[in-house]
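Each of the next two complexes has chain A plus one other chain: chain B in the first, chain C in the second.
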Partner chain A sequence: MNDATNPLLENLNALAVGLSLLTAFGIVAMRQARACLNLFIMQSLLLAASAALLGLRYDSLHLYGVAVVNLISKPIIVPWLLRKTSPAEIYTRREIDQVLNIPTALLIALALAVGAYFVGIPLANAVAPEFRGPNVPIGIAVLLLGAFTLTVRREALSLLIGLLVMENGAFLAGIAIARDLGMLVELAIATDGLVIVFIMGVLVRAVQKQIGTTAVGALASLKETRATPEPDQARS
Partner chain B sequence: MSILIILLPPLVAALLVCIPIGKRWAAGITVVSCLVNLILIGQLTQQVVAGRIPRELLGAAWSKWIAVDGLSALVLLLIALIATTAAIFSFGYMAHANPTAKKLRLYYANYNLFVFSMLAIPVLAEPTLVWIVVELTTLCSALLVSFDNTREALEAAWKYVVLSLMGAGVALFGFMVLFAALRAGGGGTYTWTGLVTAAPRLPAILLQTAFLLILVGLGTKVGLVPMHTWLPDAHSQAPSPVCALLSGIETTSILYVILRLFPVMHAVPGAYADTWALVFGLISVGTAAFLLLQVKDYKRLFAFSTVEHMGIILTAIGLGGSAAEYGAMQQIVAHSLTKSFCFFAAGATLLATGTREIAAVRGLIRRSPIAGAALIFGGLAIAGAPPLAVFLSEFTILKAGLARGQYVATGFLATFIVIAFFGVMAHVNRMVFTWPQTESATATNETFRLPFSCRLALILAAVPVLVLGVYVPKPLNDLLTLAAAAVTR
Partner chain C sequence: MLDRILFNVLQAAVVLIFAPLASGVLSRLKEMVQSKRGPSILQPYRDLWKLFHKDEIVSEDSSWIFRFAPYVIFVTPIFVALLIPVLTRYPLFFAFMGDMLGGGFVLALGGFFATLAAVDTANPYGPIGASRTRMVGFLAEPVFMIVFFTVSFVAGSTIPYIVQQKWITPLANFFMPSHVLLVLAFVMLILAEGGRLPVDNPTGHFELAMIDESKSLEYSGRGFALVKWGGQMKFFVLLCIFLNVLLTPWGLANEQTYAAVLSAIPLLLFKVFCFLLVLVVIESSLSKLRLFRIAEFLGAAFITSVAAMVAQVFSP
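And now, the complex of A and B:
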C-alpha cells in the first residue's frame, strides 16, 4: 500500500503476533486436550490475521493467499479430519501425570521465548531493515514452544497440536522474511499439514484399538536394555 | 524425454494395486513397475553421464523446478535399484505370513507411494518443494512401519512420525531463512543451482543459520546422533523389505538434500559447513559404534549400523577435498547396496526362526543354510571386510583423510569403524555358527526353505556388493566423479 511505515498496521500486526505467542504459552499450560485444540485454532486465526496485515502493509497478494489458506485449512479442515480419523476419546482426555508440572513447564517456556528473542533479532536485522518487526523472534519462540510441548506431553492430541504449532511458528517468522515464496509452495505446505493430521489420526486409532489408550507418548517398550519382552505384554 | 516420466510408474502402480484381483497381482505389478522404472532411470543416468542434460518439455515455469545432475542421478539410480530388489523380496516375504488380500493391497499401495515420494526428492530443484516431498516420504512410510500392527510396531511408527515431523518443522524454518538469504543477497531463482550461482553475494549469518537449521531438521530423518533415537525402532519394527528401503535409500535420499547445501556454503567465506559435518559425522559414527556392541535385536544391529554409515558419509564430506568427496559418493553407493542386502538377510532369518532376538538365534547355518550364509555375508559386507564394496569406499575415505592431513579426525574415524566391525561380527557370528546350549532350543531340526523370490532377491542384491568391492566400472566411476563434483563446486 504505502512504503513508509504505517504505525496502525504495524501495531495491529504486533498485537496479533504477540497474542499468538500467548496462545502458545496457553498450549503448554493446558491439561485438557480439547482446550489445546481451541487455543491452536485461535493461534491459526491470529497467524492468518498477521499474514493479512503484512499483506496490506506490503501490498503482497501472496500474503493474502497465506491468510486465506490458513483460515480454511486449520480452523475448519483440521478438526473435521480429526473427527473423521481418530477416536472421539482423544478430545476428552486430561493429562494427569505430566512429565513436568505446569509452573515448571511455563518457566522453561519463558526461558525458551527469551532465548528465541536473542536468536531472532540478529536474524531479522540481517534480512532487511524494514523487517525489524516482532514476527521473526516470536515465530522462533512459537516454534520452540511447539517443540517443547512435544517433549513434555503424552496425549496424542496434544502431541499432534505441538507439531502443528511448530509449523505455525515457522510460518509466523516465514511470512516476514520470505514473503514471496510462491503460491504453489504455500498450498502444498497447507495440504501437507492436512496429510499429517490424517496419518496421525489413523495411527492413533490403531494405537487405541491395539493398546487401549491414546497416551501415545507413554509407549516405551523399545529400548536397548530390554530383556526378552514378557509374552503377555507383547501380545496384548 | 521428460524427466518427470520416471515418477509415473510408481504412481500408476499405486493405483493399479488397488484393483482386487488376487494376492499375486499387487506384488507382481509392483515388481514390474519397479523394473520399468529402473530401465527409465538407467537411460536418464546414461544421458547425464554422457553430458547431455535432459530437456524438460513442460514449459519454462515448470522446468526451472525440475533438474537432474550427477548427484541426483546417482541417488535416483540407487532408489530404483533397491526398490526393485525389495519389491522382489516382498513378493515372497509378505505372502509368507499369509495376510488378508486387503492388507496386502494396502502394503503395496503404500510401498509404491513411498518409492514415488523418494524419487521426487532428487528430481525437484526447488528447496521448499523438496521439503514437501521429504514430508511425504515420512507420511507414506508411516503406515509401512506400523504394518505389523503390534504394540512395538505402533510405538515405532509413532516415534518415527513425531520426531521426523518435528525435524521437518525446524527444517521448514531453515528453508525459509535460506530463501530470505537469497533475497537479501539481491535475489535469483530459488533452486539448487540458483543458490550456488548467487552464493558469493549471500549474507553469511543467514546462510549459516539456514544450514544449521536444515542440518538439524533433516538430520533427524537421516539419523544423525543425537536425533537418531527413533531410527533403530522404526528400522527394526517395519517389515524387512521396508527396512531395506528405509535404511538403504530413504536415509541416503534425505542426506542428499543436506549435501546440496555444501556447494553453496563452500562459496561463502566465513561459513563453516565442513566443521559441522565433521562434528556431527564423528559423533554419529562413535555413538553408533558403541551402541552396536550392546544390541539385543539383530534388526536393531543393522539399524545402528545405518547411523554409523550416515556418520561416515558426513565425516567424509567434512574432511573436504575431491578425493574424500569421491569416497563419500562411493560410500553412499556401497552402503545402500549392502544395507539393503543385510535387511534381506535379516528378513530371511526372521522367516526361518520367527524371532528378532539375537540370543534366541543359534546355529542358523543348520536351520537355514541360505539365511545363515546371507547373514554372515551381510555382516562381513556391512562391517567392511576386505574384498567387498564397503571396504573399498571406507579405504578411499581414510586414505583421502590422511592425504589432507586430518590425522585426528581420520584416526577417530578408523577407530570407530574397527569397533563397529567387531560389534557387528561378534553378534552375527554367534547367531550363525554357535550351537544352542540346551536341547529344547533345537526343537526343529529340519531345514527351512526360503521362498524362491527371497532367494532371488538375495542373489541379485549380493552381486553388486561383490563386484564393487573388486573394481568400479567406468560408467559408475564417471557418475561418482560427477556427483562428487556437484558437492564440491
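And now, the complex of A and C:
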C-alpha cells in the first residue's frame, strides 16, 4: 500500500463513520418504523463500507470478512426476518407518543454524542497510534445513541432497532481496535444478533396478538391493578 | 491593482445580471418536471423591465423605512458579491473587508429591513410573513454558526478564499466527513433561507401560507422590482458561496487576465445550472412542511452540522 492513497482511504473511512453517526441521529428522530429500518439498513451498509475500507487500508483479510458478514446479515437477513416474524401493520404506523418530543430528544442525543468524546478519546489514546481514527469515539457515540433510542422509544420495532444500532456502534469501534479477531467470533456475534432479531420479532408478534398493539410504552401497568376497585363497587 | 478592482466590479455585475436568469431557469425546470411548458427563462428580466416602467404606489401611512428598504434589499447582495469568490481563485480588492461571517451579517441586514418594511405598512399579511421569516431565520441561525465554526475549525480561517483551497488540497480532503456533512447542512440552509420548497412554496399565491413572498405584497412598480431583483441576487449569492467555497471550488480563474476571468463566467453558470437540476429534484419530490414542522427540518440541519463538527473533533 503506497502512502499516496492513504489519506484518501482514511478520509473515506471517516466519511462512512461520520455518515453512520448521522443515521444514528436519524433513527432517534424518525417517527415511522419503516424509516427507522431503512436508516438502520443504511447504517449497516456504511459499517460494512468502513470495515472494507479499513481492510483495504491495512491489508487485512479479516476485515473484509467482517464487511461481508455485515453486508449479508444486517441489510438483508434482518429486514427479512422482521418481515417474516412481525406483522406488516406496524411498519407503517407513526409513533406519536414518544417520551420526549423530537427536538428535545435530538438535543439530548447531541449532548450524548458530544459526551462520547470524553469516553472515546482516552480509549482511542490507550491503543497503539496506528489504530487511532474516528472509529472508536464515533462508534461509542453511536452506541450511546442506540441506548438513548431504547430509552425514548415506545414502539417495539423501534426499540429493537435501537438495540441493533448499539451493536453497530460496538462493531464500528471494534473493527478499528481488534483488527484480527477470529473469524469464528465475528460469525458468532453476527449469528447472535440474528437470533436476537428473531426472538424479538416473535415477541413483538406475540405482544401484538395478545394486546392488539405494539406500543409497549403503554404497557406500564398490569391488568390486575384495574381489578382492585371491584370490591368497592360490590359494596356500593 | 486597477485590474483587481475591475474584476471585483465585474464579479458584482455577474451576480447582478445572471441572478434573474438563474431563477428563470429554475422555474422553467420545475414546470418541465410537472409536464408543463412553463414561462421562458428570460421571463424574470421581462418582469423586471415591466415593473421598472410602472408607477409606484406608496401608502401614505408608511414611514421612510418602507421607501428605504428596497434599496437595502437590492444593495446588500451586491456587497456580499464583492467579498466572496464568484469568478476568481485569488482574493480581489475588497475580499479582506469581511469574511464569511461578515457576508452573513450583510445578508441578514437586507432580511432585517425587509421584515421592518413588511411590518411598517400595517397590511395584515405582511407581519404574518415577517414573523414567519424571523422564525425560520432564528432557527437557521445556529446552523449557520455551527457551519462557520466547523469551517474555521477545519480550514483555520473564515476567509472564503482560504477555505475553498482547503477542500481540494489534497483532493482527499474533499471526502472528509466534516466537508460532506457541511455540504448537506448547507443545502438545507439554502432551502430554508432561499424560501425553497420544503420550507416555503415560492410559487404559492395563497397569502396565509406565504412565508417569504408576503413581505413584498405592498410593493409596486420600481420598489417591487428592486425587492424582487434583490431576492434573486441573494439566492444567487448563496449559490455562489455554496458552489465556489464548499462544493465545487474548481473552474475559477487562476490568472489575473481578462480572458481567464471572463471564461470563468460560463463555468460558473454551468455549475449553477447543475445545482439547479439537483434543486429541482429536491423540490419536486418534497411537499411543503407544516409551519411547526419547519423546526424539525432545521433541527435536522443543525444535527448534520454538529455531526460535521463532531466528526472533525473525533478524527485525531
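Odds and ends about this structure:
Operating definition for what follows: the second predicted complex is superposed on the first by the 215 of 236 C-alpha atoms of A that agree within 3 Å, B and C clash if a C-alpha of one lies under 4 Å from a C-alpha of the other, contacts with A are read in each partner's own complex, and residues count from 1 in each chain.
The definition used in the following text is that contacts are C-beta pairs under 8 Å (C-beta built on N, C-alpha and C of every residue); 3 or more make two chains touch, one makes a residue touch a chain.
Keep in mind the model is a prediction, meaning the values are calculated, not measured.
Of the two partner chains placed around the shared chain by superposition, chain C is the only one that A:L22 touches, whereas chain B remains out of contact. Legend: residue contacts after superposition of the two complexes on their common chain; A:G133 is shown touching chain C, with no touch to chain B. Between chain B and chain C, more residues of chain A are touched by B.
Judged by the touch definition given at the top, the superposed model places A:G169 against chain B, while chain C stays out of reach.
In the superposed pair of complexes, A:P7 makes contact with chain C only, with no contact to chain B.
After overlaying the two complexes on the shared chain, residue contacts for A:I211 are found with chain B alone; chain C is out of touch.
Contacts of A:I189 after superposition: chain B is touched, whereas chain C is not reached.
Of the two partner chains placed by superposition, only chain B is touched by A:L219; chain C is not.
Touched by chain B in one complex and by chain C in the other is not one residue of chain A. Interface residues of chain B facing chain A in the complex, by the touch rule stated above, are 126, 128-129, 132, 135-136, 139, 142-143, 146, 149-152, 154-159, 161-162, 165-166, 169-170, 172-173, 176-177, 179-180, 183-184, 190, 203, 205-206, 209, 232-233, 236-237, 291, 294-296, 300, 357, 359-360.
Residue ranges on chain A touching chain B, taken from their complex, read 122-123, 126-128, 139-140, 143, 146-147, 150, 159, 163, 166-167, 169-170, 173-174, 177-178, 180-182, 185, 188-189, 192, 195-196, 199-200, 202-203, 206-207, 210-211, 216, 219-222, 224-229, 233-234, 236. Those residues of chain C whose C-beta lies close enough to touch chain A in the complex are 170-178, 180-181, 184, 295-296, 299-300, 302-304, 306-308, 310-311, 313-316.
Within the complex formed with chain C, the chain A residues making contact are 7-8, 10-12, 14-15, 17-19, 21-22, 25, 29, 102-103, 106, 109-110, 113-114, 117, 120-121, 124, 132-134, 137-138, 141.
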